[in-house]
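The following blocks contain the structures, represented as structure tokens.
In what comes next, chain A is part of two complexes: it sits with chain B in the first one and with chain C in the second one.
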Partner chain A sequence: MEKRNLYHDKRAQWAVYLVAFGVLALIPVWMGDDPFTLNQYARYGVFGILALSVSLVWGFGGILSLGQGIAFGMAAYGMAATMQMQYQDPVNDPIPSFMLTNELTALPTVWEPFWHTSVGLILAMGIPVVFFVLFGLLMFQARLAGAFVAIMTLAMLGAWYNMAYDMQPFTAGFNGISPPNAFQAFGVEVDPYSSMIYWVSLGVLAALTLLTKLLLQSKFGTIIQAIRDDSERARFLGYNVAFYQVVVFALGGLIAALGGMVWVIIVQYVSPTALEIFFSITIVIWAAVGGRMSLFGAIFGAIFINAAQSYVGDEFQATWFIILGTVFIVVVRFLPKGFAGLFEYAISFVPNPLPPSRSLISGQQK
Partner chain B sequence: MSAILELHGVTKAYDAYTVVDNFNLTVNEGELRCLLGPNGAGKTTTMDLITGRQKMTSGKVVFQGRKISGMSEHRICQQGIGRKFQIPAVFKDLTVQENLRVALTRTTNPFMNMIEFGRGSGRERLQQVVELVGLQERLDELSGNLSHGETQWLEIGMVLTQNPKLLLMDEPTAGMTEQETQKTSDIFNRLKGEHTLIVVEHDMAFVREIADIITLMHLGKTLAEGPMDQVENDPKVREVYLGSEGITDAA
Partner chain C sequence: MSVHDFWTPFALEPFINALIIGLSLASIWLVAALGLTIIYGTMGVINMAHGEFIMLGAYITWILQYFLGFPWLLCLPISFVVVGFIGWLVERGLIRHLYERPLDTLLATWGVSLVFIQSIRLIFGGEPQYIDTPEWLKSVIEIGFVYIPSIRIFIFGLALGLVGLTWLLLYKSNFGVQVRAVMQNREMAASFGINSSKVYGLTFAYGAGLAGISGAMFSGLKTIFPDMGLGYVVEAFLVVVTGGGELFGSLATAGIMGEMFSIFSYFTNDTFARFVLFVLIVIFLRFRPQGIFTPSMARR
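Coming up: the complex of A and B.
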């Protein structure tokens, strides 16, 4: 009975995902092209990407990572370096100005690869993933789970924050890096105040969401949920649990990294705030409120909370974190599946008009 | 008949307290062995040592001529040893059908499983198992909503899906009604011959129904081994269960 709920029907889910992204893609057409609004919405897209990564890793993989900001921040720095080097001139002006103020006389070796945009993009995306693989191996081989993983990821995030802050000649420390020009790829400039930036952000969000959805419907998706429910049982069915957890964790890192790259294209800026502990915890709250066991729920949570924050007006900004904390506690206590769970419940009263799908076991219609 | 599983001097000690004490066991292919013993005799621990869930203090386990002690749990499982836990363990947030699909491990490689969408593959095996454990009507139910007996069957079904050569069943009828127990013994009798089974059980009526040979454990050691009648009438056994009518009342 449970599964005849329209909410669980895969065909209905795909339809909703496709329609929703289709409608979102039309927003610039309807709403006009106020550059600041489009830039704002593009930022929401990145928040959605981050919530998506938490939904995959925590909601489906059962790994409570408070360190998604590590991948986000690393990729953001990689992207900022790439954009900065697009601005520099190899002959006349090879060293970014913040390095000169920090008394560097040559471009640091770690910055050299970023002369090439394609190499820069690969590094911005690849280094966080490699780091998440190694960090994941460390944690999951040791069979850490639950709060221990949360604490480990949080501590690691703190370490990276300090590093970004302290390595001033390489990262511009507290001030951060602000590449002067918009990002250019294949001769096209991505203007951060245009419809284009909105579509880039939404496009990445949509592509990642649909790919994750597909992944979750593969057997891999079922296995990671099984591991979340009872890792011991999965282990004694012959699964290398740590291997699966590392893969999920790294995929979550990849998604967050792509979010970080898009973020820097939008804001043309990166600073240690991308690696702030508070920011990473907030991402988890978005996903929890929207519904971590639903990709769409988590994304909705991110957008809803951020939109709410920008519309409540200035007098509430001081108390915003108290409001957010309260909402989080209420949701965790009363709505463990977040808004998505509420929606699941509501829609269970709607009769499912779709014919039953084929059973994967019997091959018969039920 | 050839030995499929051999335990040589298997020992598990916590500080000074030895839970499994220089325990030897040989199980032949196709046999259904019952492992009996009072609470705390070391039966579950023995299963933990075979499957790698706990590390043994000394001794070794040989499966199909190959030393498996020291391998990781999933590697031991991949050799062909399936296990049902004493406390039934299924994936509660997944449906019955999803539980069984996870148990169908044609490959355990995560990347191969990313391109596996379950169309057709292994359907016959799942169909057989579902019929054997009788969960046809419950395929789309969340397994967290199953009754206790159904949960036990689902876990048995999951282990069977894997088609392991050796099945370890820790108290498969615990908490079952009389009819449910009867159904379970029918299932086990059908498995005999094709699979080798080691069953830990307290329900003596059930043991009588299914067992070929019984190994009686006490304080981590073998107290007696042989067919039911022989073990029951063994004077050492009567001594251990002093004051009772024999092992029948031991549970």
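Coming up: the complex of A and C.
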């Protein structure tokens, strides 16, 4: 019988997750309400959401997607359109100013639905998911895997980046869309420089993390991990591998899309940089450094790396990418499971105080 | 934006010009993809730092010219040797530890590329640099209504020359036999006395060297800057993957992609053409993941 590592005990895992989010939720109470700090922490929340999506898709689903930025960017544009139309007046000022400077005389049809905030939100969330389902079907029904998926998602991301850049009358091109007012929904205004934005961001992150964790502990979660470890064997056992992969890929898209929506509420801005290849690969770095096989590890990686970048100070900004690159190389070379793997190893020396409970131990020993 | 602005109607002379631009573009993509083809095709390594090898080649050319006054043509072979050596170091120090984990090489080489970009930016600054080419390459050749800068013809010729050289090396030399043996079955080749570790190192160095020489070539065409590599690496990957990681696959794909891009951008514009091309490649790979010529492939 293998030694029981506390790291794999579900009760301990849930305790850590709940305590961690609980502590994080209290930050505005303890640290005061400096609006710029809270805005920055809310941004870290979105980075955490993105790392979560990579952890689900890559760490547990075994699909290395370099195109999480597609969902993030699409949703961000949808959200920006919704917020922009909240500012526009249907009678006196129906067309956003960047469209006027691009010589549009009427609101484009694709922008019409964004008059209604609820429709806009559904589109911002739904379009990326539909796209990921179709894109996933295209790839996984052909049984593509590994590097091919990475390259195809990269190419698709590049294609959308070009579109966002080029469709200037619809997306404001290089300049991007900056809605003038804060997001309002159901009579509430979400001030991007307040405790509220922090709680919105953290709330979405916490809800998505716990839901993903529940999903991974279900039968579905076991199957996708089986597919990750040996997709041929899972296929021989009768599972429809492509179906599970498409669902994981689309769920990853949904999580990244929600991240994109929260992001635009926080920064009130979207530009093609959201679809940059560099950004999407950076998300993968966060998850890899923190530990892609652990939701908490990936989120921690995202927050830790970004916080480190902010706090190293200006004199080290120039060498930051050298540090990041080196850390990443070292992690890939020596710690394939990231810092979470290191933690898993360290805690295996601590005796498990919890009584054994076979049904509650997740099957991650590998 | 009306449909009329977006869609350029067909006219023979500009269209033929577009076809020639397509050939030139194809030769650039081919050169950029050549080193990657060798590395991916033989070793199965996804080298994300390839664009940065191109960038290093361009910067070595600039250093040689700016500080030492070397003529441009002499810089080409030197870039090949220096970047090849850097590539060899990267293979020895990092990549050879990751052969069992191909996806991890993709990530690790991305880390390498971050380090290269930022090091160059720290040392030489982020501003674009210019490189002087010989006078005879600055002229424009005029045939009827067709105008071609002679440097593009030079690059086109050099691209074909490099493909020929690589073909000779891979298919007509003793080293090539060893490379192809290791490529087919590493253990079997090793048991026949081939030092597979050395073959991998040299192959990677040769691929990196090709990237270096292509960087030196591009420096004569465009300005150089620390993150210029990213502009080539995606296209280069698509050429390699669509070509199935084979020399002639890459040759054909680069030609087809260059012409398709040029024709699409003639009728519409550059960015839309790139969008259509990328989407077409994704769909193509869905039906032929093994590449354009390769008959079949073991699914990984």
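Here is the rule we go by: the second predicted complex is superposed on the first by the 354 of 366 C-alpha atoms of A that agree within 3 Å, B and C clash if a C-alpha of one lies under 4 Å from a C-alpha of the other, contacts with A are read in each partner's own complex, and residues count from 1 in each chain.
Convention: a residue touches a chain if its C-beta (ideal position, glycine included) is under 8 Å from a C-beta of that chain, and two chains touch if they have at least 3 such contacts.
Every value quoted in this text rests on a predicted model; they were computed, and no experiment measured them.
Once the two complexes are overlaid on the shared chain, A:204 sits clear of chain B and of chain C alike. In the superposition on chain A, A:152 makes contact with chain C only, not with chain B. Contacts of A:302 after superposition: neither chain B nor chain C is touched.
When the two structures are aligned on the shared chain, A:270 is found in touch with neither chain B nor chain C.
In the superposition on chain A, contact of A:236 is made with chain B only, not with chain C.
Put chain B and chain C next to each other and count what each touches on chain A; the higher total goes to C.
The intersection of chain A residues touching chain B with those touching chain C, taken from the two complexes, is empty. Against chain C, the residues of chain A that register as touching in their complex are 64, 102-104, 138-139, 142-148, 150-152, 154-156, 158-160, 162-163, 165-166, 169, 277-278, 281, 284-285, 288, 318-322, 324-329, 332-333, 336. Chain B meets chain A in the complex at residues 51, 53, 72-74, 77-78, 82-83, 85, 89-95, 97-103, 105, 108, 110-111, 113-120, 123, 126-127, 130, 136, 139-142, 145, 158, 162. By the touch criterion stated above, chain C contacts chain A in their complex at residues 1, 46, 94, 97-98, 101-104, 106-108, 110-115, 117-119, 121-122, 230, 234, 237-238, 241, 269, 271-272, 274-275, 278-279, 281-283, 285-287, 289, 299-300. Of all residues in chain A, only 1-4, 215, 217-220, 222-223, 225-226, 228-230, 232-241, 243-244, 247, 359-363, 366 touch chain B in the complex they form.
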